[in-house]
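Two complexes are shown next, each including chain A; its partner changes from chain B in the first to chain C in the second.
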Partner chain A sequence: MPSRSATAGPFNRSWGAYAFLAPALLILFLSLLLPAIATIGMSFTDISFLRPTNWVGLDNYFRLMADGRFQQAIGNTMYYTLGVTFPTMALGLLAAVALNRKFPFRIVFRTIFYLPVLTSLIAAAVVWVYLYEPYSGPVNGLFVSLGLGPQPWLSSPNLAMTALIIMAVWRDFGTAMIIYLAGLQDIPEEIYEAARLDGASKFSILWRITVPMLGSVTFYLMIILIVQSFQVFGAIYVMTGGGPLGSTETIVFQMYQTAFGYTEFGYSAAMSTVLFFVILLFSLVGTKIMRRGEG
Partner chain B sequence: MSVVATQSNLTRTDERSFPLSRFIPWGERIVGYGLLLFAAFATMAPFLWMVSTSFKADAEVFQFPPSFIPQGLEWQNYLDVIYLPDSGRQLVNSLVFALGSTISNLIFCSLAGYALARMQFRGKTIVFALVVGLLMVPAQSQIVPVFLIVQKIPFAGGNDWLGNGGTGLLNTYWGMILPTAATPFGIFLMRQFFTRIPSEYEESARLDGAKSFTIFWRILLPLARPAMAVLGVLSFQSAWNEFIWPLILTNSRDMATLQIGLQLLQSGPDARWNVVMAMATLITVPIIIVFLFAQRLVIDGAVTSGVKG
Partner chain C sequence: MAELELSGVSKTYGAFNALKDVSLEIGDGEFAVFVGPSGCGKSTLLRLIAGLDPVSEGQIAIGGKDVTSRQAGQRPIAMVFQNYALYPHMSVYDNIAFPLQMERRPKDEIRAEVAKAAQIVQLSTRLQDKPSKLSGGQRQRVAIARAIVRKPGIFLMDEPLSNLDAALRMEMRSELTQLHRRLGSTMVYVTHDQLEAMTMADRIVVLNGGKVEQVGPPMELYHNPANLFVAGFIGSPPMNFLAGTVRSAEGATVSVEAARIGVVTLPFSGEHLYAGDSVTLGIRPEALELGAGRQVQFSVVPEAVERLGLHTIVHAGEEGRPFTALFNGDPKLRAGEAINVSVDGASVKVFDADGILRSRRAEV
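Here is the complex of A and B:
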């Protein structure tokens, strides 16, 4: 094979490559790298654009530690994240196992389960606001016809977060299903054959073979869902506006309010930095697991 | 690498039949189908209610309990959406934003992916590590600085060379497109694809004296059509559904996208559920149609990226 440097010097080649890379790298710099650095920098200031900016050191972080509203937002975000992640994975796994064999209309079912993933978040959120409508909504319609009392759903501090979680699970389990379906293909058929010859029951095949063999896929999926749920914003913005009584205020929602509602950009940046490092930690762990799975 | 592996696996799903299925008794099959049908119906229910309510007359919307089958087909709701003062404008904005974002992703990610896969240059390892690292930066937690950066772009929107004095790219298509114009995922996807193309293709062209860009444009890009299709569909879908960037980077009614328009319609003082549902239906249908035609592409891309669009 002829050597690559036969026609042009390496120096020349480098400049060509930089030209190919420049536009994309400039965009990534402006939309991801610089913002990440700027957020950390701004979190040490009281920047608000209404008055001169001062360096305040760690004050924003001390304030965060004492801020009851922020602690509530962390609690809400955790509750939401746990509530979404595990049911989504369980439903996704069930759907994947059910669809992992050849039968008529298999693709139709897969398409149906995947449809909520494709819907725009806002359209989905608006539809669910209607479903949860206390006086004329279908969910209460179903409750009444089952002999249960109508519930106030999104306007009840006790139920609002649960209502949001149900919608998120509906929207996300298709993603989990698709990833599990790909994972199931990597399990050798021989293992199943052997288990069946030994007379293992269906349930014990699922529990003893399928679930353990999907370990790294499950972990990877869990990280993705956690990272995604930590950043929930659109659904809250449309469905509850953080209410009632702050019961659905999450970290990103509070960041948005603090920055664009109260123009406290510095304080909002401190919240963002905390969120950023938590998410980065989860992502790093996830990537490590994914690498191990590939190798 | 991973892209290759998952794609070939998915293909296999469709062709490989599990011997297990031949031994499933009839009763169990019926129960299995029953459960699947129930799950499918539950998943579809929100969509079905959306369409059903979109055809109801005003009075019927307030009946309790609501009826699943509308009494008549009230097409007027759809006309009301179409004749809303801003809806034409919002459709144009959504299309410009989604197409702009798709085209720029196709151009910039394929150029960068090609350079990372096929060209030798100093700092290549660092650049690739940077792209992979940026995959992990949560975009939604960067709303504040991205807003400020878009506002401070020099020489735009009345800004001086330091980026002060004007509104920069806020309230413009350029500003909305900028944060989505190239993504680490897109670059990664294209790089993985270009890595798999045998090097003989470009070796012979290089011996004929072709320049890097000619090789890229004439030889490798046509070969990369499948990867470009995945990237194109995913970029379009994610921009069409995008909410947070248009929300933060624009504040005038003239720049609102359909997603913002739907949110405004629903939260407005004289919101009527049947009209709101008609608009939700109109926004959702195009994406579902794109999906039905490009199902394999979207699903392969989703498996590769592990995140929804």
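Here is the complex of A and C:
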């Protein structure tokens, strides 16, 4: 008996493992891989569900390269991504450093800062539409009381994207804070004490000790935020509908419009494929650099 | 002039008294060692001197100036931590240079100071490495170099050798002693290891339960431990204690009846001792000799014999109380076979009912 189990064991065990993994793999395949492959396939056609579908080769991609609207969407997406990612990280870091000390109500503050992350995006967006309301909205109320003129937040092509960025930072910095707080726990107290004894000011400690020691956390966070911002859709859908004058049209929003507004599913699939590979590239480069940092 | 002066220093954490009314003076250039069991408040005391924690009561003066209310970075001290506390993301060079960079010293001056300190700790070739590439001993040296560049009035070291293996610890012990001689600065060194204290200290401060038990040079503590705690803590193997009763205390001798050894007459003036008093006799294992050559004689039955070549340790505990004897060389002893031992009356310590030493020896 022992001899048989010795030879059959490893196979049985891995067979068992696959059996247990099968349901999850099946769901992953059906929900992620299959649609992804289908999308890539569709991007080589002019499928629209309204007329017969033709194979068009790379035509959709050539069209994309010359499409001024798509280029504007890329520009908008980059602006949004940069505008969200770095302020979110900076605010998250400051909040984490401030709340990493022991003081009364610190849990309360953590909860308050994290609450936006937990609210429903649509509910938050509706509230922010009210906040940005030009005549009776609190944001303009604040501006006026500070002696600054009222601003047409969501209805100005110059301001609408910035307004969306502010809201996204408000929503996301709680996530950054939580991740930074976890990173701060890994820095031993003794290192701060050594720095204090070495005569370092609070600012020097933050800049020379804390920030560099959070390097890999910062990098991880940056990749997450970039990938997430690339895919922004919900807030734009609710708050600006891509306007005014296409100033808040991002790649994903344009994909949505192209597919469901203009029923050009093939063309939309090409956009989606481009975005997919850009995000894949970011993730791969990100994990590569992270691995090297750990080594 | 005292370089470091603590007056009535106390520290409480909530209701817990970590340090109780500690007063001490440590002279300029002295190597002082705080020693005591784990949890007795050594690190706490060091942190108060460093300014990492505020005192609850009392004053701290360094170089004659009251620094009680000064922040950590503003006291003329440098500290070496038990876990090194190096900056892991910085090179060895930047670790050592950090305190100077914080003082905004000119770059070439910093370079020269770092090179000098690195040379003292023999790390000149490793300046570009990250601390993670160094061995434990090398990391410890980086921490020491980082302390050296500050040119502090006082070096504080909290169990700096406890993370090193035994051989390296011995080597670093003598290196630190040499470093002290070379720099001539005041050092306050914390350890729970009485061997480190004995070998390195000019003066030892024995702490127990947040209180100073005794302060003195190593040999003073060895020959005249002020009380039972110090007697049991200093010396290895530890001193043997035997419960006894004073028979008579007259003139220049005291007669005591004790477990195991019967009635003995000890040569010291028995002030503060009266017939009928309970006392504890203390006999160092190394004061015992084989045979009946000395004044106080008794026999023990070894239960275990440890032969170390240079000397032999005999364990002969009775009724749960440990008893050890240490003999020179390698005498032929066997567990279970009774042996006669003897000790000089002058080497027997007598502690009163409060544990205070009553048999002081003048000559040390």
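Here is the rule we go by: the second predicted complex is superposed on the first by the 266 of 295 C-alpha atoms of A that agree within 3 Å, B and C clash if a C-alpha of one lies under 4 Å from a C-alpha of the other, contacts with A are read in each partner's own complex, and residues count from 1 in each chain.
The criterion applied here is as follows: contacts are C-beta pairs under 8 Å (C-beta built on N, C-alpha and C of every residue); 3 or more make two chains touch, one makes a residue touch a chain.
For clarity, every value in this text was computed on a predicted model and none was experimentally measured.
Model built by superposing both complexes on chain A: chain B and chain C fit together without a clash. In the overlay built on the shared chain, the residue A:I191 is in contact with chain C alone; chain B does not reach it.
Using the contact criterion defined above for the overlaid structures, shared-chain residue A:S120 touches chain B, although it does not reach chain C. Using the contact criterion defined above for the overlaid structures, shared-chain residue A:P138 touches chain B, although it does not reach chain C.
By the touch criterion defined above, A:K288 lies against neither chain B nor chain C after alignment on the C-alpha atoms of chain A. With both structures placed on the common chain, the touch criterion links A:M255 to chain B but leaves chain C unconnected.
Between chain B and chain C, the partner in contact with more residues of chain A is B. When the shared chain is aligned, chain C comes close enough to touch A:S204, but chain B does not. Of the two partner chains placed by superposition, only chain C is touched by A:G215; chain B is not.
Shortest separation of chain B and chain C in the overlay equals 6 Å (C-alpha atoms, whole Å).
Counting contacts as defined above, chain A residues 193, 196 meet chain B in one complex and chain C in the other. Per the touch definition, chain C reaches chain A in the complex via residues 50-52, 71-74, 77-79, 81, 83, 85-90, 98-99, 102-103, 146, 150. The touching residues of chain B, when paired with chain A in their complex, are 1-2, 5-6, 9-10, 12-13, 16-21, 32, 35-36, 39-40, 43-47, 49-50, 53, 61-66, 68, 104, 107-109, 111-112, 114-116, 119-122, 124, 127, 130-131, 134-149, 178-182, 184, 187, 199, 203, 206-207, 209, 212-213, 216, 237, 240-241, 243-244, 247-248, 259, 262-263, 266-267, 273, 276-277, 280, 283-284, 287-288, 291-292, 295, 298-299, 302-303, 306-309.
Within the complex, the chain A residues that touch chain B are 1-2, 4-7, 10, 13-14, 16-18, 20-21, 23-25, 27-28, 30-36, 38-39, 42, 95, 98, 100-103, 107, 109, 111-124, 126-131, 133, 135-138, 140-142, 144-145, 170, 172, 175, 178-179, 181-182, 185-186, 189, 192-193, 196, 220-221, 224, 227-228, 230-231, 233-234, 237-238, 252, 255-256, 259-260, 265, 268-269, 272, 275-276, 279-280, 283-284, 287, 290, 294. For chain A in complex with chain C, the residues that touch the partner chain are 188, 190-191, 193-201, 204, 208-209, 212-213, 215.
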